[in-house]
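Read through the structures below before going on.
Heads up, the next two complexes both have chain A, just with different partners, chain B and then chain C.
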Partner chain A sequence: MTGAAAGRAALGVRLGGGVWIFLGPALLLMLAVYLAPLIDTAVISLHPNTPAGIDRSHWTTANFLRLVDTYYWGVLVRTLRVSIIITLLSVLLAYPVAVWLAGLGPRGQTWAILVYMSPWFVNAVVKSFGWTLILGNNGLVNNGLRALGLIDTPLRLMLNETGIVIGLLPGHFLFVLLPLWAALKGLDGNLRWAAMTLGARPWQVFLRVTVPLTLPALLAGAIINFTMNMAAFAAPALLGGTRTRVLSFIAYQVNLEELNWPFGGALAVAMLVVTLGFVMLAQGITARGLAGPRR
Partner chain B sequence: MAPISRSALLRAVAGAALSVAVAGGAVAQGASKTVYFLTWGGTVQQTLEKEGWGKKFTEATGYTVQLVPKATGPEIIAAAVAQKDKPQVDVVQSDLLPFLAGNDQGIFVPLDQKDIPNIAKLAPVARINANAIMTYGDVMSIIYNHEVFAQKKWVEPKADWAELMRPEFRGSLVLPPVNTTYGLYVLITLARVHGGSEHQIGPGMEALKKLAPGIVEWPTTFARMGQFLQDGSAAVGFYSSSSAAEMAKRGIPVKYVVPKPLFFTGTAAGIMKNAPNPEGAKAFLNWWLSKEVMSFRAERYGNVTMNTEVTNNPIPVSALNEMQRIDYAHVNASRAEWIKVFEREVLPLK
Partner chain C sequence: MKRTLTFFNLLMIVYVVAPIILVVWMSFTPSMRFEVPIASFSLRWYQELFSYDAFIDSAWLSLRLGLLSALIATALGFLAAYGLVRGRPPGSAVLLGLFTAPLIVPAVVYGIAMLQFTNLVGLYGAFPALLAAHVVIVLPFAVRTLLAALEGQGPELEWAAMSLGARRRHAVLLVTLPLCLRGMVSAFLFCFLISFSEVTVTLFMAGPAHQTLPVRIFNYVSDRIDPTMAAVSALIVLVSVALVLVLNRLGALGTVRK
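Entry: the complex of A and B
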């Protein structure tokens, strides 16, 4: 049975041509509220900005040329660096947690997943304010370390890239953990037994059986994690501060504070292209991994 | 699971669509009595919703006011510009500077004293141009955490802008960044302190560069500045005096001084071109400018209101005649360049 046919069977409906009636609303909604503004943003980015607004009678590439200016280039590199660090940390941390989770009983798994989901029960802004109470110069960590006599001057744990990583990691970690956990749960235990009966040590079983078989799930999770890091707004704004701006914040600032939509459009397009580029790269790696499994 | 028949599903979908359409129609019908007011949340929301002035407006005019709140002046104007072609709001109020930038984009209509009689009661300084009037304003102040001052045995700041440069404040300052309205005021203030002006911004930028390494953070909003002053990670800030008073009311251990020459920050209001409810808009603006509402704003929030009948202004409107004027058109035209210098030469920690 193909995937689509299986999906229809699961729904319990024979749709035939009527499929468009059901797909239609969502498709129209996506076209109207997502694709149309996105295309308009791209078009606007090719017009000059004037004090009287967007000048749609002229075309220009100046907005894109401004992107290679050292300031904006620096912001782009910072955004990528922070996003990649969070994704790498999430991947490193996710394996042991997922292996542990998959070994728990059903009830234990439910509760543990709930714990890992808990950062999402709190609004991003409230969460970031919470972090400032912990990470600030007079926060929990610095006061604790000072009381213990370990430091004299406070550690800079926020208003820099460290703050952004600490603020985003707990929430975004979940998106690597969940697919990995599902893949590990679905893994046929016999494969591991088979490997061990053929003389593989536990670390060899992990590296040569478990990792290759769960790699697509890991990469899928990492891609979601990475795109979320790239687009994150509240935590970088509050925990990174004015000196550590990321691309999403600069796009907001240019659009909503400087009222320069054409340049804001160019920033948005650049962000989309860079993020999509990384996603496609990761998908390419996955596809290659699936086509030629390690032997 | 038993298969669902196609016709049953279609009926359900059609029914849901119909009920949404009916509900939408009902909302549209009630709209003519509603005036949409695009401005800040914060104290305006408190005034209209919590302190009962929205209800008083309905009693006085028969219209209902619906607040459309944004966080900052530029955001308010960005929202107004975004709906230029098909406005959904009637009255817009923001900081004067972004308001003027919006006016350049032709989004407001001329205000006629015949329709809005309370305009006649405004001080001359409040009549900005045909499309814009000032409702009220604030004077800028130096805000400081008096507990930190006592602890460090610092002398409390004098009413002098040069106090911002005191060397012991290094590592304890919070200033709004130049890409916000108040940040522009910091820049202009520091330029004036050092012999420059908005027409000669160099000395201001040099002063900011000197201060930059000792600045804890450049907060963009009142709430954020309050947070740094509250937890003691900063001790001295620059913001409007009414915001400083509001911080103190919320239990943050701050006091403020209003240095001379007064630095006035105006709040402007106007009516959207092609507003959905132009009559309601005029009624609202007239009511908003009335002695009753403006007296309340002066009393509760320390606003310097522009209605000359108001007797409880924290500073008499006549005092504003002595303040230094700002060439707003020049500031708006120079903003982008100043922000560029600020982001590259002042902001980065070296």
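Entry: the complex of A and C
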């Protein structure tokens, strides 16, 4: 092996320092157009905002302290509530879908996954527009219920938290479903057989074998789903209306309407830190789930 | 049990595709109002669309942005993936983390950062800045797709070419690249799809002069809507579905997971 390696080195096939010629362009791009802007925003968030603009000669934590003001706190709580509801619903819905998928033939699985994927690859604005056609006061649901004589006044299905939950769930559901589906497919079928030969009923096998073994994947997916719910912008903006604002829309208003960039920057930094924290948690769970003694 | 599951999944499928189907269906309405057509269908909103300069401009912008960002990201992504797979430099994991960070960092956060940064460097609302941002956003998909493609083939053929006297750049260009053609095509289409669907970052940083199709719809839906919107939306759905079907054939959709 070492002889072969030496031979390759002699041939010049080892990349050595030349590797940076390959990595350089992408690295430069990410440093200049990704890291630099994020760092700039973090710096701006620590400066005070004055009528004349950002005062770069002074430093302050006031922008971050403002995040816990009553108004913004209320927005944060609403964003959390909506996000958690979507995640819980996704987790509940994921098992019946993943179990059904895993029971289909290979072709069936491919097509069913594509269908479940469609809310992810169809633009969020387009989907939200579709939801307004369904959930609006003159939408499909309200018109249908009125035609049946079941209601007189339309149900408020959008421009509130309900609308945000209904509209965001399908697109983010995928990120719980895919890891769970992969975990179910990777499950050793013998374990379930073993449980059944020992007299377990199907629901017992599900609750005591399948669920515990797929829990890490489910949990990791749920956390990713949660961070996506917290940060979603277009769908909540269009389906939440003017009164039901979530964090990302406040960030839009502060940055593009009030032009208060230090505070807008603080909102961005807070969202970034929270998201990274949760993603690291999810990765930790996935890593432990794969390496743990249960496999 | 099995029947209950199937029934439940049918309901779920109706739920997830309903808004998409409805937008497309709606675009064929002959009426001025938002009504799902049942008896009569019309293409009048598609006609309306083509006499709407703002939408034509937006469509061109989306197309240009998608093609250029996909092209650049595929090239950068191939180089980066090659460096990571064949070079295995110290800190590979960190580099890969950086290249794929836009999958994790919320679009709102990057949008705010780009809004503030482009103003700082005097490029606010400039096309090159928007293009660079789109390259960053789609790069993770290029890198992941091409990593998979490169890991799928060993370096032996390259070594063979080099032992016969080819220089590395010739070996890469004439041996490795053609072998990765499927991955390159997948990466390109994937990047185009992502750029074409991007709303948030573009809305934050592009300024009023550069409204891509989704941004145009977003601004439009916020104040007034008529069925032209449905026609534009239907066209977007058509493009996305077509791209995803091709990507599925190429076996490239596995990189969606975060």
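Details
Note that in this section the second predicted complex is superposed on the first by the 239 of 295 C-alpha atoms of A that agree within 3 Å, B and C clash if a C-alpha of one lies under 4 Å from a C-alpha of the other, contacts with A are read in each partner's own complex, and residues count from 1 in each chain.
The rule we apply is simple: a residue touches a chain if its C-beta (ideal position, glycine included) is under 8 Å from a C-beta of that chain, and two chains touch if they have at least 3 such contacts.
These numbers were taken from a predicted model, which means no experiment stands behind them.
Contacts of A:242 after superposition on the shared chain: chain B is touched, whereas chain C is not. Within the superposed three-chain model, A:287 lies out of touch with both chain B and chain C [touch as defined at top]. Once the two complexes are laid over each other on the shared chain, residue contacts for A:77 go to neither chain B nor chain C.
In the superposed model, A:65 lies in contact with neither chain B nor chain C. After overlaying the two complexes on the shared chain, residue contacts for A:44 are found with chain C alone; chain B is out of touch.
After overlaying the two complexes on the shared chain, residue contacts for A:207 are found with neither chain B nor chain C. When the two complexes are overlaid on their common chain A, residue A:18 makes contact with chain B and with chain C alike. Taking chain A as the reference, the larger set of touched residues comes from C, when chain B and chain C are compared. Touch criterion met: A:138 reaches chain B and chain C at once.
When both complexes are overlaid on chain A, the residue A:255 reaches chain B and chain C alike. In the superposition on chain A, the residues of chain A contacted by chain B and by chain C overlap at 12-13, 15, 18, 21-22, 129, 132-133, 138, 238, 255-256. Note for the complex: chain C touches chain A at residues 1-2, 5-6, 8-9, 12-13, 15-23, 26, 34, 36, 75-77, 79-80, 82-84, 86-87, 89, 95, 98-99, 101-102, 104-118, 120, 132-133, 135-136, 139, 143, 155, 158-159, 162-163, 168, 193, 196-197, 199-200, 203-204, 214, 217-218, 221-222, 225, 229-230, 233, 236-237, 240-241, 243-245, 248, 253, 256-258. Contact residues on chain A toward chain C in their complex (touch as defined above): 8, 11-13, 15-16, 18-27, 29-30, 33-38, 40-41, 44, 93, 96-97, 99-100, 103, 110, 112, 114-134, 138, 140, 167, 170, 173-175, 178-179, 202, 224, 227-228, 230-231, 233-234, 237-238, 248, 251-252, 255-256, 261, 264-265, 267-269, 271-272, 275-276, 279.
Of all residues in chain A, only 12-15, 18, 21-22, 51-53, 70-71, 129, 132-133, 136-139, 159, 238, 241-243, 253, 255-260 touch chain B in the complex they form. Only residues 1-4, 6, 9-10, 13, 72, 74-75, 77-78, 81, 84, 98, 101-102, 104-106, 177, 179-180, 216-220, 224, 227, 231-233, 332-333, 335-336, 339-340, 343-344, 347-349 of chain B touch chain A when the two sit together in their complex.
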